[in-house]
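Worksheet: the structure to be examined is printed underneath.
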Amino acid sequence: MIDILALTIILGGVFFYMTGSIGLIRLPDLFSRLHALSKADNTGLALITLGIAMLEPDKILIFKLILVWLLMLAASAISSHLIAKHALSGGKQDD
Amino acid sequence: MTEWLWLFLDLTLILLLLTLAWLTCATHNNQKGVTYFIAFGLLLALAWARLKAPDLALAEAVIGAGISGALLLAAIKHDDDAQSVNKLPSIKLWMVNLLTVALATLMGWGVWHGLELSDGNRLADQVLAQVPESGVTNPVTAVLLNFRAYDTLLELAVVLTAVLAVLTLNPMRKTYVPAEPILQTMLSWLVPLLVVTSGYLLWVGAHAPGGAFQAGALLASALILLQLAQPTAYQAINLNWMRFLLIVGIAVFVSVGLLMMFLNTAFLGYSSSWSGILILVIETAATFSIASALAIAYMGGRPDGWETFETSTSSGHQGGKHS
Amino acid sequence: MNNPMVWVIMLPLLASLITLAWPRRAHWIGLLFSVITLAFSMVLVYQVFNGGPQTHELGNWNAGLGIALRADALSASLLVMAMLVFTATTFYADAYFSDVNKRMRFWPLWLMLSTAINALLLSGDLFNLYVTLELLGLSAVALTALSDNRAALQASIRYLSIGLLGSLVFLAGVALIYTGYGILDLELLAQRIQAEPLAQVALTLMSAGLIIKSALFPMHFWLPAAHASAPAPVSAALSALVVKVSLYIILRLWIDVFDVVITPASALLIGILGAAAVIWGSWQALRAERLKLLAAYSTVAQLGYLFIFIPLITGLPEGQLRETAFTALVLLALTHGFAKSALFLSAGVVQHRAGHDRIADLAGTSRALPLTTFIIALSGVALIGLPPSGSFIAKWQLLAASIHSAQWWWIPVVATGSILAAAYTFRVLGHAFGPGDSAGKVLNWGREEIPALTLALFATVVLGLGSAGLWDFISNNSQFIGG
Amino acid sequence: MISEQLLFALCGIGIFSIGLRATLIHQQLLSRLLALNVCGAGVFLIFIAIAYRGETQIADPVPHALVLTGIVVAVSAMAMALALRHKLKDLNDE
């Protein structure tokens, strides 16, 4: 039962990732791309982490997974901020 | 069912790897090429994980994609976008294509034949049987620092040579702007975390994936981040310490090796009861050397005062001719 | 003190660290350590001479699991040659670099180069060979870039990428070997290998990589620029040693490890490439406008001779004739090492003195620099192959082997090459002896000329007269011929 | 069914060839450098593919150690090449 629940959550995470990636390719400018990517990917990562944590019996590993998630969250927030700020201050907007 | 699922995943991975390799190589735009290359490195780390090589997955992510990526990005930062592309004459192009295809076919044939010929074990059983004797339980560390420790010693020499070249060629890059406050805040807790993680990787290398190279590269990335946040941090660096850090890895390695040669006749022939601790000592020293080497590689050259102190402190040895 | 093989690798490595840590005393450390290392290499020769091929299993692991250092007559004699050239060049270099900072940059890299050469000659393991090749390549490139002008940097960038490509192709061959045989140790591999597709493909790849690195004919294009633009002591080491040790691996693979795999056709192919290198290199040397460029092209040609030996040796039956041909090959390699380094060192003296090394403007050199001119003439004697140089005997045996193995077509190649060598040598000497405004007094630059003279004398006199000893040494202690 | 070893080893050969072709074609240093690194990654993949011994067994550690060495050598060479490039650019700018 818990397997099926976990699998559903992971699949949900994969869906968010895919949405983010489609956004990266299809959206017109840097800011909306950045928006799509950071929002969708963070949600996707959270869901996948949650799903794996449910399947994992080892408590320490669950702790490590949460640490990974937190670090990724901080990294993506800060790098998005930096990219956006650089773009605003006159950097190039195209790829 | 699961077999087919694996095959599907494997094929997807392979296809992505080939595509990214192609994109990296096909573009004439440096920025794009570097971006593709970093993505390629990350996917490669995934392939290493898939093929049960977690040590390599770590190393590739930190060194192959991380540090190389940082080096490349720093290098192309001030490039002009316009690249002059002179195309090869088509005859030459076709010759290259023909050569590559012929070589690939030959190699494919060779690998196929080789897999038929081999029992699939190669050195694995022999090595795994000896791992308990090596002083560590992670087989990769056992090979790197005991069975084939000599390779690793020469590898450190390669790293030192490259850094010497970097130091001799250029002065340090000095074009950094002060960092964003938010980046500085993040680094104030990220850098300590990186240092701790690097120590952990070094320690855990004895029995699980990790070791000197991964730890050293991680430590180097901590140094690089520090440099990004505080461009002036390195001006206060003590040059004698820097020299010491660069050579300590090889110096400790060679000293241990020679000491063991006096005790046990063979260079690097550890006494078995001591081998665990000796390996840890060597790895710790190597971590510092690798970290400082990679950090210097990123800075792109020698700090102020690296070379001129000889002229300022002593008239020294004269040219010895033209007299 | 128990193993010279370990010491000849570790001493230069330690010296490199010390010169980095203590740059003010770098030249003393460099000189001292290279002399001690030379002594150890002679001890090694003595051991091989008395006790046959030597093995040192690193870490006390047997060779399949760990890495073994090995020395036989070939590697030991090349090692001594390398250390003699290196030590003489070290004395020369001490006087050559006048800029303090440049000298500081030079020493650690220079000693690292020596580490790489010695480690490569003694390595008994395929992957270890790859690592030493990379160490060699990187230190050689860094040293080339020391003369920091645009030409040198462009040459060294090209040198680096070509070198990396070569070692990667070599590594691909190693990967195939490990796939099929699960062995990296050369001696175990030699017992296991059979004439099958895998071995042939792997050998093709490894040889291709090494041919790129040792600048055999179609792959020679990177060599002249790199060797001609490096500082003179570095050029000497590059031409006399660095390309030669890649060639050493080719010999090791073709004649020793993979000998059952070699077909007459493949041996003939590599011989033809060698012949092309002899003709092309000598012709370009004759046309070269600068002395160092001439010396670099002459290296391309002289390496060609060594490759011609491969079809001859594989074509001869095991026994006396084959031994003789093999010894002649070693003799030629040694002679060229000494002669070419002497030539580059004298070119460096000329360049310092005259400010250029354009051959057409050398007039008067013979009066201004009599000793240097004499050294150039001596190296010329060895490059042409006139008696009493070692290469005279070697080329004589090369001709004899061509006749014995019924491969007469190499004879005109050798003859043409020698005539062209005579032509380019006399062209230089002709200009040097020409009347010119040799302003200034007669100069002797002892600290630079004596090392070069020593090397030239080794090439012409010592090896020529002492070749009988070498003959005994090689034929009794070589792994190649099973003697 | 094709074994994972062969599949990934062939992929390695493919990557090697792509890198080799690009190395021979590109004139510009940075493109050539990327190509060389791709080329090296292909060789590493061959090593690791043949080290794989199935889901249940530990993989052969020797190629892993070799490739780890190779990765470090590759990054050193890259650092050096970039330093040379930087210096050459400086000289060209002068």
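Every chain is named by a letter (A, B, C and D) in the order it is written, and numbering of its residues begins at 1.
One rule holds in what follows: a contact is a pair of C-beta atoms (placed from the backbone, for glycine too) under 8 Å apart; a residue touches a chain by one contact, two chains touch by 3 or more.
Since the structure is predicted, the reported quantities are computational estimates derived from the model, not experimental observations.
The greater number of contacting C-beta pairs, out of the two interfaces B-D and A-B, is seen for B-D. Across the assembly, the mean Cα position most removed from that of chain A is the one of C.
Per-chain CA centroids place chain C at a distance of 29 Å from chain D. Inter-chain centre distance (chain B to chain D, centres taken as mean C-alpha positions): 12 Å. Across the assembly, chain C contributes residues 127, 131, 134, 138, 141-142, 145, 148, 172, 176, 178-179, 184 that each touch 2 or more other chains.
Residues of chain B found to touch two or more other chains are 103, 107, 111, 114-115, 118, 121-123, 127, 148, 151, 155, 158, 161-162, 165, 169. Residue positions of chain D with contacts to 2 or more other chains are 9, 16, 20, 42, 46, 50, 62, 66, 69, 73, 76-77, 80, 84-85, 87. A complete list of chain pairs in contact reads A-B, B-C, B-D, C-D.
Chain D meets chain B in the complex at residues 1, 3-11, 13-22, 24-28, 30-31, 34-35, 37-38, 41-42, 44-46, 48-53, 58-62, 64-69, 71-80, 82-87, 90. Contact residues on chain C toward chain D in their complex (touch as defined above): 127, 130-131, 134, 138, 141-142, 145, 148-150, 153-154, 156-157, 160-161, 164-165, 168-169, 171-172, 175-176, 178-179, 184. By the touch criterion stated above, chain C contacts chain B in their complex at residues 2-3, 6, 10, 13-14, 16-17, 20-21, 23-24, 27, 56-61, 64-67, 94-95, 97-98, 100-101, 103-105, 108-109, 112, 115-116, 119, 127-128, 131-132, 134-135, 138-139, 141-142, 145-146, 148, 172, 176, 178-184, 196-198, 201-202, 204-205, 352, 445, 447-448.
Residue ranges on chain B touching chain A, taken from their complex, read 180, 182-183, 186, 190.
The touching residues of chain B, when paired with chain C in their complex, are 103, 106-107, 109-111, 113-115, 117-119, 121-123, 126-127, 130, 146-151, 154-155, 157-158, 160-162, 164-165, 167-169, 243-244, 246-247, 250-251, 254, 257-258, 261, 264-270, 307-308, 310-311, 313-314, 316-317, 319-322.
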